[in-house]
Amino acid sequence: MAESWLPTLITPDPQSGYDLAVKLSRVAVKMTQPDAAMRDKLRADYAEDADALIAASQVVAVHFQTVAAANGYWRSKG
Amino acid sequence: MAESWLPTLITPDPQSGYDLAVKLSRVAVKMTQPDAAMRDKLRADYAEDADALIAASQVVAVHFQTVAAANGYWRSKG
Amino acid sequence: MAESWLPTLITPDPQSGYDLAVKLSRVAVKMTQPDAAMRDKLRADYAEDADALIAASQVVAVHFQTVAAANGYWRSKG
Amino acid sequence: MAESWLPTLITPDPQSGYDLAVKLSRVAVKMTQPDAAMRDKLRADYAEDADALIAASQVVAVHFQTVAAANGYWRSKG
Amino acid sequence: MAESWLPTLITPDPQSGYDLAVKLSRVAVKMTQPDAAMRDKLRADYAEDADALIAASQVVAVHFQTVAAANGYWRSKG
Amino acid sequence: MAESWLPTLITPDPQSGYDLAVKLSRVAVKMTQPDAAMRDKLRADYAEDADALIAASQVVAVHFQTVAAANGYWRSKG
C-alpha cells in the first residue's frame, strides 16, 4: 500500500463522501488480508450473510461520520 | 449506483432525518450485495432474528448521529 | 410509519432524553419487522439473552449520545 | 421506571461520571427485562463470559463519552 | 471500587492517554466480575481468541476517543 | 510497552493518519496478547474470517475518527 490512495477527506458532495467511506472501510481489510483472490472469496461468502453485511454497513457508517465532519456536512450545498 | 441518491444531508425535520439514516444504512448493504432478490431473502431471514435486528438498528443509530449533527439537531424547530 | 413520531430531539431533562433514545432504537427495528406480534415474540426471547440485552443497550447508548448533544447536555438544568 | 433516576449528567469528577455511565448502560437492560431476578441470573451467567463482559464494557464506553462531554471533560479539575 | 482511581482524564501525552483508555476499558469488566482470579482465567482464554481481542480493542478505541478529546488531542505537543 | 510509540496524533496527511489508526488498533491487542508468535497465528486465522476482518476494520474506523479530528481533518491540504 505504498501508493497514494488518500490525499484528502474533502469531497464535492455527500454521495462521493459516502463512496470514500466505503473505500476507507475496505482498506483496513486489505491491509490484514492482502491476497485479492482470498478477499473476493470472502466477499462472495459474506454477501449472502445478513450479519456480515450489517457489520460491514456499520464500518461504513463510522467512516461516513468522519468524512461528513471533515466536509462540514456539505452544508453550503444543501 | 451511478445515479444521484444523496444530494444533501439536510432534512426538514428529525423524522425525515431518521428516514435518511435508514437509507444510508441500507446503501452499504446494496453495494456489497447488488442482487435485490438476494437482499429481500436475507431481509426476510433477519427480520425474525433479534440479534440481526438490533445490529441493524445500531447502524441506523450511527448514521442518525451524523444526519442530526449535519442539521444542527433541528434545534430551531424544537 | 407515516404519522409524526419525532417532531423534535429537544426534551425537558436527561431522563426524558433517555426515553427518547430508547424509542429511537426501537423504531429501526419496527421498520424492518413491522409485525408487532413477531416483535413481541422476539423481545420475549431476547429478554432472556444477555448478549442481545447488551447489544440493545449499546444502540440506546448511541442514540442517547445524539439526544444529549442536541440538548446541550441539559447543562443549565444541572 | 416512573421515578426520577437521571436528574442531570453533571458529576463532580471523572470517577463519578464513570459510575453514571455504568448506571446508564444498565437502565436500558432494565427497561427490556424488568424482572430483577432474571437480570441477576443473566448477570451471573455473563460475568463468566468474556465476550459479554467486553460487550458490556463497550456500552459503558459510549455512555462515558457522553457524560465526559457533558462535563467538559472535567478539565478545570485536572 | 471505593478508592479513587480516576482523578482526571488529562494526561501528559498521547501514549499515557492510551494507557488510561486501556484502564477505563478494564474497570467496567471489573465492576461486573469483581473476582480477580476469574478475570485472570477469562483473560487467558480470550487472549487466544481473535474475536475477543478485536472486541476488546474496540472498547479501548472508544475510550481513547474520549481521552484524546479531553486533552485537546495533545496538539501543542505535536 | 515501555518504549515511546505514540509521541503525537498529528500526521502530515490523511493516509499516514490512517496508518496510525491501524497501529492504534493493533496496540490494544498487543497489550492483551504480548506473545508475538501467538498474535501471528491468530492473525493468520482471522485473515480468512470475514467477520473478524470486518470487526478489525471497525476498530480502525473509530481510531481514524480520533486521528482525523486531532488533525483538523487535514482540511488545509484539501
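Letters A, B, C, D, E and F mark the chains as written, and numbering starts fresh at 1 in each.
What we mean here is this: a residue touches a chain if its C-beta (ideal position, glycine included) is under 8 Å from a C-beta of that chain, and two chains touch if they have at least 3 such contacts.
Please read all numbers here as calculations on a predicted model, not as lab measurements.
> Spell out the chains that contact chain A while also contacting chain D.
Neighbours common to chain A and chain D are absent.
> Could you find the chain whose CA centre sits the greatest distance from that of chain B?
E
> If you fit chain A onto chain E using only Cα atoms, how far does it have to rotate, to the nearest 5°?
In degrees, rounded to 5: 120.
> Chain D-chain E contact: same residues or different, taking over half shared as same?
different
> Centroid of chain B to centroid of chain E, CA atoms only: how many Å?
Their C-alpha centroids are separated by 31 Å.
> How far is the middle of chain D from the middle of chain F, if each middle is the mean of its Cα atoms, in Å?
Taking the average C-alpha coordinate of chain D and of chain F, the gap between them is 27 Å.
> Measuring centre to centre with CA averages, how many angstrom lie between chain B and chain C?
16
> By the touch rule stated above, which residues of chain A touch at least two different other chains?
As it turns out, chain A has residues touching two or more other chains at 43, 46, 49, 51, 55-56, 58, 62, 65, 69.
> Drawing the touching chains as a network, do you get a line, a ring, a star, a complete graph or other?
Looks like a ring, each chain touching just two neighbours.
> Could you list all chains around the ring, opening with chain D and heading toward chain E first?
Starting at chain D and heading to chain E first, the ring runs D, E, F, A, B, C.
> Can you tell me which positions in chain F touch chain E when the two form their complex?
So the residues of chain F touching chain E come out as 4-10, 24-29, 31-33, 38, 42-43, 45-46, 49, 51-52, 55-56, 58-59, 62-63, 65-66, 69-70.
> Give the list of chain B residues in touch with chain C in this complex.
13-15, 18, 22, 43, 46-51, 53-58, 60-62, 64-65, 68-69, 73-75, 77-78
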